[in-house]
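Input: structures, listed below.
In what comes next, chain A is part of two complexes: it sits with chain B in the first one and with chain C in the second one.
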Partner chain A sequence: MIHDIKVLDIIISGLISGSTYAILALGFSLIFGVARIVNIAHTAFYMLAAYVIYSATYKMGIHPIVAMIIAIIVITFLGIICYKFLIEPIREREAAVLIATIALAMVFQESMLLGFGGHYLSVQPLIKGYLAIMGVKIMWQQLLTIIIAVVTLGAVWTWLSKTRTGLAIRSTAQDREVANLMGMDEGKIAVITMGVSVALAAFTGAVVVPLTVLNPFMWLHPLVMMMAAVVLGGMGSLKGSFVGAYILGFTEALVVFLLPGGAYLKVSVALFIMVLVLVIRPEGLYGVYFEEER
Partner chain B sequence: MGSLIFYLRKLIKIFRSEVLVLPSRVAVMLFFLFIILFPIIFPDPYYYRVIVLASIFAILAASWDLLSGFTGQMNFGHALFFGVGAYTSAMLNLNLKIPPIASIPLGAVAAVMAGLIIGIPCLRLRGTYLALTTLSFPIILVGMIFAFPGFTGGELGVSGLSRLADSYIGNYYIVTITMLVLVTVMWKITDSNIGIILHAVREDEIAVRTSGVNTTRYKLLAFSLSGFFAGISGGLYAHYMRVAGPSTLEVNTSFLVVIYAIFGGIATIYGPVGAVFVLIPLLEFLRFLEHVRIPDQILSIMPDLLGKFLVKFVEILPNTRMFIFAFFILMILLFMPDGLLPWLRDKVETQCPRCKVRNISRRQTCRICTADLH
Partner chain C sequence: MLEVSNITVCFDKAMIINDLSFHVNAGELVSLVGPNGAGKSTLLRAITGIVSWEKKVLRGTIGGDITFRGKVMFEGERIDDVPAHQIVERGLIHCPERRRPFRELTVLENLYAGAYLVKDKKEVQGHIDQVYELFPRLKERSKQISGTLSGGEQQMLAIGRALMYKPKLLCIDEPSTGLAPILRSEVFEKISKIRELGITILLVEQEVDSVFKMATRNYVLSSGKIIAEGAGEELLKDEGLRKTYLGL
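Our next item is the complex of A and B:
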């Protein structure tokens, strides 16, 4: 039976981390595609959302679901404000944007460190209890997280491929100048994309928060894995990001459950796989080699 | 005797006509003097420590600039070179009893090897791909270090290394003189033909290739040179702190290097060095927040609630150090997106439109070709 336990555990854990990375990677590659911003602060927004939920439920006594909605709205506004005042004025300078986002992430991390301290905090799951399959405990919260994540991915996918705004975003990502010539307001689209991207990060934070522990440094690990997923799948390809995210998520789960000392090695092995793929296919799994930016 | 006076006069003439004419050159000279005379002005081991750490990170930031600033090959994993240099020299020193003077260069050679190993696969990647891939290498190494603690010391790292020198002053001069020499060497490299080619690779790689230059070779050269200098700074760090821990390989270290270099202005070498010498002392200076107290007289005349708020505020002030640091960087960037030092330099100097020689900005005509500057 031990064998079965491991298989189920690996599937659940891989699905959860894979979906987390997939939603994060989706937001990250959206804003990268549209505005060419490598947003290091992306997962810092995820961390902030988790803290907003924590303080709303425990400090103010708001119902968790309401707290989640509040968190997503607040963080989205914060993201748009940061974009408008800190990133847009220097958008022409790629290097400056890069460290602006790093500094922004540090500002968030330090303010959470000030407000809540460096110790680990946790949030109660929405649905308590667990489901037992073949002697394996699967928490309802885990199942809920997986379902919500998959539904969100589907919704964003549909939004991007069926609506006019989605079309505008995709075409701006493909060629900014031509999209501008076709009458799309590039600045406005960048703001919308930033909003959606940050909302997705906040949403991930909201969904994942009951399953993890909160601390101000929790943004670093997802940041690395998210970037790895984007690169592995191929930049500019949303499908690639999904596949990359799930590959990395399952690799992590496999390493953790099967290798001794796996908790330390999981990131190493996952990133090593990414490097291997890149050596064989420099443009990533589904990536297309863009011509030089004009 | 006569020839000595002749050469002395010639030297003074060169000094007056080449160094004193430009504020930036005077600033560089003053910086060298400041570093060398610092122990006489502030004889305090604590201040030595700040300058020594700043020097180590100045080498690191300048080496990042040599690779990423000049060739545009964004390296987010510069901590790899730093960490490999630190760990290699630490282990050589501890296990084989090699003195620092040999173990630090050997560590740098190991860092060059690391640079070549990651450089060869990474050179097929461009731009953001390269940045995000290089980010992963130090993290892979950290995972290995944690997974095999018997050999690497795990979380605690390799400790108990021999000192650079026995006295504070000795440590200070070894590190700072190394820094001044290495930074000058890097400056010279970027000023030479190699530097011009590296710069051209960033601007337009295809154009460089069509001119018959093997860009891959030059990019690999940039990787190795940068790895060498970063490895030396890693070795110096390990021997100065007498421990090489996993913190040298952290994502934070890589990010800090990028921050220093871009904050100071990329593709300049002097920019990152200046930025480090602004930001690290700033971080140390912010420690004064720990000693801020509100006098009782002021508290007694204040409304109760405001007083309580102020006391609370002062209590958390010491922890705001990194917050203020990051906020300061954000604000500076908003106004000087090209970096601090190029901005300052453009304020005090203008380039002659005809012969491209730099002039002090209060001059009306160029000092070489007498063209009108304004």
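Our next item is the complex of A and C:
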């Protein structure tokens, strides 16, 4: 039956996109919550990580797993430097942050365009071959990506809910001023959060790169989907961005496999769902109420 | 214990605190009373470093520039140039206005957040037991998300959270606002109990009747200045003060 094949394809594809958006959205929400920064460059760090892996494996002949680790460390470091010197000084001015991070993303994009050219590049999967279930080919790399993504999401979640630093991040995300009154160094926590946030973006790039093609514009589509997921889930709610990400991931998969011309329609349908939810619930699925004013 | 001398706070061109001085001795319960907009909350925020933090972080993004002058001494050391999160380490704890629990966190997590600076787990547990003893309701609700608590419970949580890092001086900002009369008296009763634990208290309140009965000394604030000081009974004798500033 053709439908059985589609169901499995949809599940795999939905899980991959959903998990990708979820990790990206988690990082984006974290730094938005803690420092009220709308970091447009978030997915540009994801793109950079993919290029670091490409260079490390192809140009320098480094083992892919080592390359992944290098990419995450280098990009996280870069993210913290960008935060310290570019974002922190203008942190409280939302419009300025928005423009600065757009500029940052453009700089990254143009640098990659200059360094690697605009053509598509690809990276070898970590594990080659595929698994056949009911006549559907599932690449091992796809399964691996799903497992790594879900494990990472679980690990970050546990870290946030069980550790002292995690508690400080969640507290600061809700009320910076009161967090200060509990002895939490809000500025330091913002730097830590920025590190974690960018590391998650770099990690996503590292995990996804074998399944996709590299080009300097690859940050745009995930940026739109990630922001849609965050808005759908409710700005500032970690749980919300999580749920939003999977809803959009599966919507995309459903549209691609079930509608004619779905590959072209997937973004519009996903965004239409976001608009629909916002019309009914303007605060998103798990909207958070901010207590900031005096 | 706390010595505030000649502090002035301006938000842009509006002077909120005008060259104000006062002090709190160890073991006292001192109240700051006065009409809305007298600068009571701002005074607390200036003492505990929040005004300086706003000045540094917000840099004039809301309400223009912030000016903060004067000297704040706590236990013989100057703290007006110490960041807010380090002032906490010295045992000067601020329980903010409008309760402000971390709404998405559970009651227990809120208490853990209050004990952020305590590294020893056993000690944290000890503080939690102490808070639960004072507020048994919090123990019943420990797993509940704090945003869903009632107003009275949130106030108990806010005070409990402020007690998690053994305060020497506890500043409580308007704990009775928005509560039913029966809950107000419960809150005041708890504050008396906290004082019996040996914690000095600086209380900002509008509920003059109850506060004057509890406090050792009171300061009446108006337009950023202290216009009267003394024990409750003395202040109540002054007819003009009662009518104009205390609304009695």
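Annotations for the structure displayed:
One rule holds in what follows: the second predicted complex is superposed on the first by the 288 of 294 C-alpha atoms of A that agree within 3 Å, B and C clash if a C-alpha of one lies under 4 Å from a C-alpha of the other, contacts with A are read in each partner's own complex, and residues count from 1 in each chain.
Operating definition for what follows: contacts are C-beta pairs under 8 Å (C-beta built on N, C-alpha and C of every residue); 3 or more make two chains touch, one makes a residue touch a chain.
Since this is a predicted model, take the numbers as computed values, not measurements.
When both complexes are superposed on chain A, chain B and chain C sit side by side without a clash. Looking at the superposed arrangement, the partner reaching more residues of chain A, out of chain B and chain C, is B.
When the shared chain is aligned, chain B comes close enough to touch A:M106, but chain C does not.
Of the two partner chains placed by the overlay, only chain B lies in contact with A:L86; chain C stays clear of it. When the shared chain is aligned, chain C comes close enough to touch A:M182, but chain B does not.
When the two structures are aligned on the shared chain, A:L98 is found in touch with chain B, with no touch to chain C. By the touch criterion stated above, A:Y264 is placed in contact with chain B alone, chain C being left untouched. Touch criterion met: A:F32 reaches chain B, while chain C stays clear of it.
Touch criterion not met for A:G154: it reaches neither chain B nor chain C. Following the chain A superposition, chain B and chain C show a smallest Cα-Cα distance of 9 angstrom. Counting contacts as defined above, chain A residues 92-93 meet chain B in one complex and chain C in the other. Across the interface of their complex, chain C is touched by residues 91-93, 164, 167-168, 170-171, 174-175, 177-187, 237, 288-289, 291, 294 of chain A.
Residue ranges on chain A touching chain B, taken from their complex, read 32, 38, 40, 86, 89-90, 92-93, 95-96, 98-100, 102-104, 106-107, 109-111, 113-114, 220, 223-224, 227-228, 230-231, 235, 261, 264-269, 271-272, 274-275, 278-279, 282-284, 292. Across the complex, chain B meets chain A through its residues 121, 124-125, 128-129, 131-133, 135-137, 139-144, 146-147, 206, 251, 255, 258-259, 262-263, 266, 316, 319-320, 322-323, 325-327, 329-330, 333-334, 337-339. Residue ranges of chain C in contact with chain A, taken from their complex: 41, 48-50, 53, 57-59, 61, 83-86, 88-89, 93-94, 96, 98, 100, 102-105, 109, 112-114, 116-117, 147, 161, 165.
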